[in-house]
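Listed below are the structures to be examined.
Common to both upcoming complexes is chain A, partnered first by chain B, then by chain C.
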Partner chain A sequence: MSPERTPVEYTSVRELRGPLIVVEGVGGVGWDEFATITLASGERRHGVVLEVRDDLAVVEVLEGTGGMDPAGLRMAFDGRPLTVPVGEGWLGRTCDGRGAPRDGGPPVFGRTSAPVEGMAVNPVRRQPPGEPVLTGIAAVDVLTTLVRGQKLPIFSAAGLPHLELAVQIAAQATTTGERFSVVFAGMGLTHADAFFVQEALAERAAAGELCLLLNTADDPVIERILTPRLALTVAEHLAFDGGRHVLVIMTDMTSYAEALREVSAARGEVPARRAYPGYLYSDLASLYERCGRIVGRPGSVTVLPVLTMPAGDITHPVPDLTGYITEGQIVLARQIHAEGVYPPVDALSSLSRLMRKGAGLGRTRGDHLDVAAQLTAALARARQAGELAELAGESALSPADRRYLAMYPRYLHDFLHQERDRTLALDESLERAWRVLLTLPPGELGMLPTALLDARNSDGSPGAVA
Partner chain B sequence: MADLTAAEPPARPVATARILRVAGPLVELENVGGIAMNDLVLLGAERVPAEVVAITTSRVTVQAYEYTGGLAPGRHGFPLGAPVCARLSPGLLGGVFDGLLRPLTDFGDRLAPGTGTDEPPARRWAFDAAVVKGQEVDEGTVIGEAGNPGGPRTRILVPPGCTGEVTYVADSAEHPEDTVLAVVGGTEIRSVTDWPVRRPRPVRERVPARAPLTTGQRVIDLLFPVARGSTVAVPGGFGTGKTLLLQQIAKWCDADVIVYIGCGERGNEMADVITEFAELTDPRTGGRLADRTVIIANTSNMPMMARETSIHTGATVAEYFRDMGHDVVVIADSTSRWAEALREFASRTGELPAEEGYPAGLASALAAFYERAGAVTTLGAGPGSVTVLGAVSPPGGDLAEPVTAHTERCVRGRWTLDRDLAYARHYPAVSWSHSFSRDTDVLGTGRDGQETAGRRAAVAELLAAADRLADLVELVGVGALPAPERVSVLAGRLIREGLLQQSALSPNDAHCTPAKTAALADAVLAVIERCRSLVASGTPPDVVEQADFTALLRAREEAGPGDAATVRAARDTVLAVLGELR
Partner chain C sequence: MTPAQARAVDPADPLAPVRTALLRAAEEEAHQLVAAARRDAEAVVAAARSRSTAVLREARRQGEQEGGRATADAMARTRHAVRAGVLRAQAEAYDELRRTVLAQVRLCRREPGYPAAREQLSDQARLLLGPEAVVIEHPRGGVIGTAGGRTVDLSLDALALRVFDGAGAGIESLWRT
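Let's turn to the complex of A and B:
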């Protein structure tokens, strides 16, 4: 990837094992350098230096070592860690997990390049996030508002429409009036899914607002480790040098973590919980923490990772460690999906920790936080009432509890449910929330300011007398 | 002990050693002699700082504190002949530092490796002398104060192991940081001093921790109190409000100095702490809250090995202020990330793994950290204390995992955060059934202590009774219970909602004085007692349950942090309501 240098080529391969090559007789090769490997057939592969000891270098091959014959190998080292070209050239393009074009176009060039590992943002130079990204999804915008510079994952399970939701957010999300781009990184997608993503996002890609990086399930495992880093490097440049608000969608992080585990096992590392490497937390953090805003610079990077919880288990290492790093989570629930409601967001398990800072007067709407708090409280009460009704029968409920029980289906169908191609403006989403809330008696709406409530009731909103 | 007093920064390399092996943060160099364990070594042209962790006859193993990309065998490392030190100075209060105590304000937007090793800009401090020439002084004596004019002041002490006559004192004026401020028995004393982070600073003696630390959080001050100089572990799964609780304590507890170690946590959260603390006013001094706080920020994406030192650096800073006679609270969020750094490095050195890949030394490493807490008599003969609050992030909320299990054996208290409480939006989500405090006995002496102990016992008993009944209520409904048990269920609700819940966002209730805590507990207990006697004398329980308790439940929000009178008025309102029931 750096054609400007013709480096020394090394040929004495001592060992090939899993994705690793051990070469001997090297001099001056540094840790974490990028390497280019040429096979006897002329095929080129790429690798990263994992360890250097005396004159030995251990290199991990991104494309795998399949079909390699140690006799014909030539290795050249770059003298620097893996870098990628960055810039606006990525927008509108569809590439594979390593950044090579999938759309038949020329390779992506940029005036500058940046190391894919990135560099940590200085904590004192971080600007606390404070404005929303609007996704056009009622459940997300009203109840778990996504904030610019936030990392907010979607926790899902196999069979739930998380990819559809991620794609819909990628297609719809905006920051009103400001330049906005989306970088979509797919890891371990099936070809059917990759095709779906490409088709659904074609319009936004054509508008030059989207970059697609797709690593399919049959691509080399190790490439999957590179894909999110590539996406974030591209996004960071678009944001902090290009002044854009960038949303990075990474799906599926469980596939990513499995790739990490596979590579870790090949390296012979000591396994930790469920055989994932001990550094899984730090590795995930090195991705998620690349979101944020920087004092005195325009633009922001917002990260929306999507992951499937194996067997729906939220204590599995991948969702668990993700939850420790991210600022909240959006949880999809099977029961709600079974009711035919899309998106099946379980509002009571979901949370956006930065919502308090990114929503409300001057950011979204003055009544937003109160409406969200009241709706969440009402849902909690409706769930309690539902549980009691199942045990003791509906007749055992108090009159108030019965109103809550009646509210729940209205919430599912009149608020939560929306078409997969429909963008709901925030006002519209909030109105939906109001309509659901006004089915409850006014005495139950203690979290809403009285002035707001009076205004609603006097203008004869349809729900007011329900 | 004379070497401990060295105030001169160890800037000059004592040798040059060839690098033999690089594998991430693990680097091996040839052994050129003169290198001791825990010594600082600078690696390569970027001068990446690293610490010696193993020595054989031919090789020295170091752990690097920054990214080692590009470092190759054949390049050189420079041992400094001195252990890894924290640079202690009047610039600490109000500052934000990395794990090696380098000011983060000296770095740019991004933390590139090696950028921090440049010479920092020279700082100047206003000095006020407290000793005169010719005076005989002992170790720990205050020779003066230094700091920014109008900002927080830091006492300058005679270093450990140094006694004698003051032969020189600088003028009370502004001096550059490295100016000699006094000479005692031939030792030069400056406003900055370096101290090895892994060596606890000496004290005259340890004393029993007897004074309470008021955290301002009712559930803690009432049910699980902590003494000054004690240790507490705070385990909690994600989303249980661990960080928020610790931040609240950092803001409102009545310590003199807070050392907040963000160890492997979120960058946005640290940014929040930094901006928020700068804006908040300390209710005790009227100054900025930031001026009593030292923040050590090592976010989860910063180099992992610096996480390992950041804990020790924080403890060293705390001891530095303790030695001036202050009560210091160290908040480490989170010790689990620190343990992960230990595991990571152990795995690279090929150490035999014990539980879940953690090294066998995990338990002793945890114990060594928590033992740096304590109430002491300082070298200067005054009282001082370091209290350690360590967050634990158990994977999957599993409290049997190694870090939680080892930690709870070596701490005096545990505040377990409960996921069910957090999901029910009951904050702070401190579980009353899974938390403990071993400080209750020493704090339960004296008149105040005994009164608090009495309230604690009454509240704990009612909560336990309500918990026992909760399962039954879920099955059969509250209506099927006998009248006294229905009052117990009601009592549980009143205690939870009227006393234990506390909103971090509420201007009135974000923190709470002991007076208000006592008033609220007494009010809730009095109301419960009245309910009990009403039911005993034949009032139907549903009439009591339907009574209007609003005034009592809103009292915590309506009364200011120290306003016991409003709470008592609310109690009287509710007692009057109950008086009218029949």
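Let's turn to the complex of A and C:
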């Protein structure tokens, strides 16, 4: 709010209900407008306009209505949606879902402000994604390489370690040699999860490389809708004004979509699939499409949304619509998790559509794409062999199929599995992949160029690969 | 017993050759057993040495790893504590500045120009709310105007805080040199 502007405050409160305040006698107020509520004690709270009809406005209070006396309450409308200061002041800070400090520090300052609503990158000014973001996770870096400017979701289910994986990626990810930052937006987290995230990312935050926005499950749903927008607004300015490569991790987008459904119901909108609003697709796109690279501007915004599929249903509206917008997916599997393997990435259901723009000679390593393709093909064959063995018995398998079957546990334990605090360098991850592949007869490694195979010693030690 | 030995047998002690042969065989067997036992002992000692070396190496590696981890944890905790301390200090400086601004602005009431400023604020309140607005002086300076469910806060506190909140990054100069 500009200092010159003296806001007219409204004092006729018709009703307080849950987190909602109904104010009457208002004029010129619009949806999503930000409001400041002053209590008789002088305490200030904030809200967002959910609904306006005639001279009535329904405002959802971000801090809740507990302890409010309608008689002494004043409400001022900003005349615009929430704006936040932007800049490097966010780095190293831990805030709630609307940007208020949770770390005991002062408010976050910035030289300029920007509306959190933001807007998607203009398609004609987009620079195609390129160059990798290395996560230090073998399964991601080797098989579904994350590319700067990409949107790559993690599809998970309740009980799987998606939060641990998201936090590990937030703690380890880098763009070697270039300025890199992480914005982590947690939505609908339990207090235990919020504590875990804060503890696990404290070091990176203290190093001034990370901004943490934590919206907990007991926070108002309207704040949950603001959280990813705030995260993206902060990231855009760090990237395109500050020249950084920024990774935005948003978890859990299903929780976000449920908040959207709740607000939509409160607004009396006609529900669509599973009561989500009909505009869920365009709403998700308005978030995901804010990532990318811009022609003539430094930096990039890469988005890694995490979403839990209710009952593991990949056709649920949230993963379904997300899948239409994003450029691939990383799928976590319950069966692999049951084997005690972390991270339980199902490589055959996972895909990074932009991997070829971020991996290979001059980007990661000359043999990367060939190794990834061969390993994926070998996994597909191992799965077929496993299914055949279930039907006809292992003795009915060909010798080659038996080799594939024997390779699979090696893949799980020697390639996929890694400690939750261990960063694997890309070379190390690729060597793990090679070791698994070299358990197969050379005749089965047809996707690897002969020169690459010849460059390897029989024990799998690296040869001369570019 | 060969025929020659049989022939050389002393009739007084016909079992002597048997005894001699048994003794020799027993001695040979004892030598073999001792040699085997010695070999076994050497192997056991060598294996124990090798195992102890491996255990020692593993213990050293684990110790280094745990030491490294403990050092890293301690450093991370220290960095975190330092960062928390810095943020706390910044928040205190921010709050102190806010208190000072409010205290100073309230002193304006003693200025000779205050009555004129209060009138200007009253006019502004009526401009915003209409001529029917009721305007009263705020106990800490400035005015409050109200009219039919609407109010404008033109108290000195509110005016000062609006300017303070709009100061943005300028406030960071408190802790940035």
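Note that the second predicted complex is superposed on the first by the 394 of 466 C-alpha atoms of A that agree within 3 Å, B and C clash if a C-alpha of one lies under 4 Å from a C-alpha of the other, contacts with A are read in each partner's own complex, and residues count from 1 in each chain.
Going forward, a residue touches a chain if its C-beta (ideal position, glycine included) is under 8 Å from a C-beta of that chain, and two chains touch if they have at least 3 such contacts.
A quick note: this is a predicted structure, and the numbers were derived from the prediction, not measured.
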{"item": "Touching partner for A:262 - first (chain B), second (chain C), both, neither", "value": "neither"}
{"item": "Which superposed partner A:289 touches (first chain B, second chain C, both, neither)", "value": "first"}
{"item": "Which superposed partner A:104 touches (first chain B, second chain C, both, neither)", "value": "second"}
{"item": "Which superposed partner A:241 touches (first chain B, second chain C, both, neither)", "value": "neither"}
{"item": "Dominant contact partner of chain A by residue count, chain C or chain B", "value": "B"}
{"item": "Partner chain(s) touched by A:351 [first = chain B, second = chain C, both, neither]", "value": "first"}
{"item": "First, second, both or neither for A:85, with chain B first and chain C second", "value": "second"}
{"item": "Sites on chain C touched by chain A in the complex", "value": "76, 79-80, 82-84, 87-88, 90-91, 93-94, 124, 128-129, 146, 148-154, 162-163, 165-166, 168-169, 171-172"}
{"item": "Residue ranges of chain A touching chain B (in the complex, touch as defined)", "value": "27-33, 50-55, 79-81, 117, 119-129, 149-150, 269-273, 278-279, 281-282, 285-286, 289-292, 294-295, 297, 315-317, 320-321, 323-325, 327-329, 348-349, 351, 354, 356, 376-377, 380, 388, 391-392, 396"}
{"item": "Touching residues on chain B, where the partner in the complex is chain A", "value": "20-24, 28, 67-74, 96, 104-105, 107-112, 237-239, 262, 264, 266-272, 274-275, 297, 299-304, 337, 340, 343-344, 346-347, 353, 356-357, 393, 395-398, 423-425, 474-477, 505"}
{"item": "Residue ranges of chain A touching chain C (in the complex, touch as defined)", "value": "1-3, 5-12, 24-25, 38, 74, 85, 87, 89, 92-93, 101, 103-107, 109-111, 113, 202-203, 205-207"}
